[in-house]
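Common to both upcoming complexes is subunit A, partnered first by subunit B, then by subunit C.
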Partner chain A sequence: MSDLPASDLITPDAGEAAILGLASVSILKAAPLTRLSFRAREASLKKAGTAFGVALPVKPLTSTTTAKRAALWMGPDEWTLLAPEEDLQAVAVGIEGKLDGEPHALVDVSDRSDAVIVTGERAAWLLNTGIFVDFSLESFPVGTVTRTLFHKSPVMIWRIGPEAFVVEAWGSFMDYVAGLLVQCAQELEAV
Partner chain B sequence: MLLIYCPYCQIERAEIEFRCGGEAHIARPSDPEKATDDDWVEFLYMRSNTKGIAAERWRHIHGCGRFFNAVRDTVSDEFLKVYKTGEAKPDLEAIAREAGK
Partner chain C sequence: MSQPFRTEKGGRIDRTGELTFTFDGEEMHGHAGDTLASALLANGVHLVGRSFKYHRPRGILSAGSEEPNALVGVYRKGDQTPNLRATQVELYHGLQAVSQNRFPSLGFDVGAVNDLLSPLFPAGFYYKTFMWPKSFWDRVYEPIIRAAAGLGKPPKNPDHDTYGNLYAHCDVLVAGSGPSGLAAALAAAETGARVILCDEQAEFGGSLLSENSATIDGKDPAIWVAEIVARLAAMDNVTLLPRTTAFGYFAHNFIALAERVTEHLSDPDPRLPRERLWQVRAKEVVIAAGAIERPMVFPENDRPGILLADAGRTYLNRYGVKVGHKVLVATACDTAWQAAFDLADHGVEVVAIADLRESPPESLVSIAAARGIRVEAGCVVTGTLGRKRVRAALLGRMMTSGQVAAGGQIECDALLMSGGWTPTVSLFSQSRGKVVWEAETGAFVPGKSVQKERSAGAANGLYGLQASLTDGYAAGEGAARAATGKSATINHSRTSGGEAGTGGTLGALPHDRNASRVKAFVDYQNDVTAKDVKLAVREGMQSIEHIKRYTTTGMATDQGRLSNMNALQIASGALEKPLTDVGLTTFRQPFTPTTFGLFAGVSRGDFFDPVRKTPSHDWVVEKGGLFEDVGQWKRAWYFPKNGEDMHAAVERECRTVRESVGLFDASTLGKIEVAGPDAAEFLERMYTNPWKKLAPGRCRYGLLLNDAGFITDDGVIGRLADDRFHVTTTTGGAPSVFATMEDYLQTEWPELDVWITSTTDQYAVAAIQGPKAREVIAPFIEGIDLSAEALPHMSVKEAMFRGIPCRLFRISFTGELGFEINVPRRHGKMMWETLAGEIEKHGGTAYGTEAMHVLRAEKGYIIIGQDTDGTVTPQDAGMSWAIGKNKFDFVGKRGLERPDLKAENRKQLVGLLTKDPKIKLEEGAQVTTLENPATGTPADGHVTSSYYSPALGRTIALAIVRNGHALEGKTLYVPMPEGSIPVEVTGTVFYDKEGARLNV
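Moving on to the complex of A and B:
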């Protein structure tokens, strides 16, 4: 996984066993992260990007990353900012300091969701068992991020590699999402 | 499956990601202090319930989360036009003519 963007950020949780480990697709629980929900007007974006360490994407459904930072487009005035768990304070203080007096909202939502990393040649196929989105590389290139529905649970899908996806769901929904992914993958074992 | 174009995400997505928010272009009384009970009734409850071409608010709730407006044929469920919140109400009759309704 070391060749993927944001590879220092999205890492498998070392203390957790793999949720699924087939030859064609595997699911690993991701290590805890700092997640910040950021909403602001256009005039504040540049400053926020400078303070955060990576420019906020303005093109819909895209993301920008460095080794330890990721900014994900969620809506025309909404971003999710990812950083290593220990950087929460530094990032929050840094952005708040730059945007003093400008209307914005920066909220720590680190514990709202859990993430799993789905990798392998059948990763897109597996996600498509519950998501009505075209995951071909032409229409969903690496770096694309979107919120959508997985069966009945709202999820966030972020493509971090041609065959690697981050699937984020609210903490209490994660058992449902991971459980259904594992169940759907049984079809792969059967053939 | 019905696909709906989101003007903010600039992509077509499945209908299950969206929620309908009722009739569009209903303005809240600009001076609430002076609005009469009848004004409030009109604003809160009275809807045209069009059969045919209607402008509606839609929300991409399981995507970008934003509200936008859409012109939809309420009979055939066909989306004829989507536009962002704040943009002027389009000429519904012209859209209907163009669509041959």
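Moving on to the complex of A and C:
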């Protein structure tokens, strides 16, 4: 499997201070992004991928990426499509145009979630303080994406590097998620 | 030397420095590597507690987590943790420990009178005594029992520690690090499998740490342990967890571990958690939990100074502590002899080895002879003397008749006993495995595996060092192969010495004493004697499960690991049934007592549950607004100004909305985007209302029922396009409505081309309500005509709010002209602050949920869950108009056809006006037809909403009343403690009945 980052679409929000900055793990707020929820049947996937710019993955828990696009498998008929913030209209119009007349649903959820980037040698450890997923590289290679729970909050985890994860939560849950990540990391500072 | 019972040398303690600790305030010394128990023994302290029921003086019995007697409280940061086993408390500098269950002091305890009165407290005492009279239970019996019950003092303050949590996965989890556990861990790890090795003790090695009469690969066992542990520690695929108890074995090989992170530290870094809960999913589990020694059940077998033989050996070899200066060893098996030999080698006087067996192995007898130790074969202890410490034992000679003849008295200051060994099958039992009886060793051993686990070594009923190692290697290899398919060849270590012993006994031992007067303890912690078990049988208990509950044997913190086998044998004898027919109680989680903090984890304080905030949150805080919890959301409740109380603030907010304009944060309402060609068809099937003819750009109130026909949610739904709807739900109902819709889509109507997407957090929503609402938003809305003609009540348009795309709804939950603006969440703060500034210019106000409740009640708009309770149909709520009469089907349609839902006399939603307009009814108060109904008369309904209405200048209420719709104009009563309140039944709309204010 690749050691290369799965995507560099996700970048730290330049205007924001680090949420956590330890030697072994850091948490940075991610910059805004276009997020579209795409739902369709199998017959429409090919066209949708062409219009979007990257093929939609059909293997569970995987993602496909190009420099400016990422398609994340969320379920058998559900994908999250990521693109730079300014591409929202272009992507939406492109897919709607291509799929005109074919049953599908494309919904703008760019603002539904906030994302943080958790990186460092203890990143997987930190996520495991509240997530029951096995983050070994064998079970959860770079590029893997899943919805799961972090303690009591629904989150989406996307591994973009061996030691780098995107953690997305609905906006109103992010105080809880980021706050607990910071609290759980506290012991790493202990001497 | 301040530690009179410390050996000259040896043991694994660090003799280079002394640690100071206190026990009941008395200062003592010990060494790093000591447990509190070993340090107390080194100081000659055996008396450490009082027993639970009889308050008998008790001493340290064991050296492990099964310890029943030495339960202590440990103080830290001004509070104490009760009921810690002194055998598990690691000594640190400054440790403050106290004894428990004694008053006024450990040495003189008034509760000990229970011991003298013990004939009055037989088994089942409580059941027999506290039955009559019934009325005594609440006032007399229960308070007395409560005061006497419980061990130790609960902590008084909020827990000052934090607790960690970690989820982990591994191929092989090895529980226990004795010879078989270490061998299993190494064998599994060498295959490359991911291995977790945990052990409840501070050091890995288990029994090997106190074994000095055997060698492994020619080395001292402790050195072999250090080498193996170093090898494991160097491997990336191995996680080593000392001080970690595998306390729970759950379904699908899910194992819970409790890691004690800082309990052993004098001054831990406050950033470290006190304990960490490991929630491990293991592909395979190796249970290497070892075996524990059985006490012998002879009269007065509970005096301080009486220990298990192997504990005596552990204290000597591992901790460098002599349990006494004159030690009697009483045994029925070979292993205890080695304790005697080791003690003798350290210069301790072993006064005798009393072996129950007529002919103990010749090899042992000759070793004893070489050391000059007196051996009494066919000899049993029939009693002990001494109050706070044993000072002598009575010996009895076993005769061929089975009787016992007095064999004299022997002085001793410690007595080591061994009735044989019991495999620790707790984890196996927790995994739902059933144990099988092995007559040869007289033990229950693990039977068929139910989950993916295997027991190894002594836990598997295999004794002897070589056998344990061999079994451990095999278990580790087998587990790794099963988990990963991989195997590896490793060198198996060879041992010399450490052979398995023979012998052992079960049940009460014979004696020549008056059986009705002596106490031979079976369960130390719960003060259950052999007599109690026999009594339970005499009184009709036949199953061990009944005997256990009647006598409480096996119900202590060790769950009967020490007592079960003896109790079973006694019951079996009394019942004249084979032991295997008496049954065996089930071991349950947790293996040892586990703190509540470990389970609570991070769920406390601010992180007890997610706290969801809206984009206006900071603004509300700044303006001094108060919040109300609605589900996980913080919603603005009301905004007091200039010292207003809640009533005044809410009244002002209500008036302002009706007179000019108000601003309300509606972001918390659930939002679901329903998109796809079949969107209208889907809503048609979900909601009671018709949707197919709703034109794009228009909205409709939607009512959602469950299959039974009862109202479960409501909300306004706007049609954005032919194939797209914007659905709103209640704040609290959002997740369940979404889940219900998804459920129907996936299971009932998979053929529909429609998909639902939650957009609750996508949009921030501001509601602007009041006659001036249009003027307030007009300056910021671009792209659409806001006039009543272009944008009538119940319509929706996409527009721009200060350059940001928005969805603009013209809807109202107040009865006034109203708009709700949806902008992407990140612009919510900007929108709120813009509108908050603008309403100022119009004399408007921000208002909270309380004013919203009053305003909607004035209009008779229901709140799901307040005016409905899961038993209210649309007809009951007076909302038959919301049901599409010509619809083929919708969720709940058939439910509504049920006879009882169409029956007369159902409770229906009505308005109530008190005859005295100043009286505000109590929400939840009962409504009756009679002014003063007799006690026991069923109520005819209850008040669901009640407010002071500023618009009407009087109070108003909504209520659910039997046959209420037919009672309009009639007088009913709300009986209250101060007198019955007469009320008039009205319609549910109190204000602007014709809706003129909406359509402007």
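Everything that follows uses one rule, which is that the second predicted complex is superposed on the first by the 182 of 191 C-alpha atoms of A that agree within 3 Å, B and C clash if a C-alpha of one lies under 4 Å from a C-alpha of the other, contacts with A are read in each partner's own complex, and residues count from 1 in each chain.
One rule holds in what follows: a residue touches a chain if its C-beta (ideal position, glycine included) is under 8 Å from a C-beta of that chain, and two chains touch if they have at least 3 such contacts.
Predicted model, so just to flag it, every value in this text is computed and none were measured.
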Request  = With the two complexes superposed on chain A, say which partner A:146 touches: subunit B (first), subunit C (second), both, or neither.
outcome  = first
Ask   = Of the partners subunit B and subunit C, which touch A:179 in the superposed model: first, second, both, neither?
value = second
Message = Under the stated touch criterion, name the partner, subunit B or subunit C, that contacts more residues in subunit A.
response = C
Query = Counting only touches as set out at the top, which of subunit B and subunit C does A:61 meet: first, second, both, neither?
reply = first
Message = With both complexes overlaid on chain A, does A:132 touch subunit B (first), subunit C (second), both or neither?
response = both
Key: Touched partner set for A:109, first subunit B, second subunit C, both or neither   = second
Task = Report for A:50: first if it touches subunit B alone, second if subunit C alone, otherwise both or neither.
result = neither
Query = Of the partners subunit B and subunit C, which touch A:74 in the superposed model: first, second, both, neither?
reply = first
Inquiry  = So subunit A touches subunit B in one structure and subunit C in the other; where do those two contact lists coincide?
reply    = 78, 132-133
Task = Report the residues of subunit A in contact with subunit C in the complex, numbered from low to high.
result = 32, 37, 39, 41, 77-78, 103-113, 125, 128-134, 136, 139, 151-153, 170-173, 175-176, 179-180, 183-184, 186-187, 189-191
Note = Within their complex, subunit C touches subunit A through residues 164-169, 194, 269, 271-273, 279, 281, 602-603, 606-607, 609-614, 632-633, 673, 675-678, 753-755, 757-763, 824-826
Ask   = Considering the complex alone, what residue numbers of subunit B touch subunit A?
value = 1, 8-11, 13-14, 16-17, 62-66
Ask   = Given the complex with subunit B, which residues does subunit A contribute to the contact?
value = 60-61, 74-76, 78, 132-133, 146-149, 154
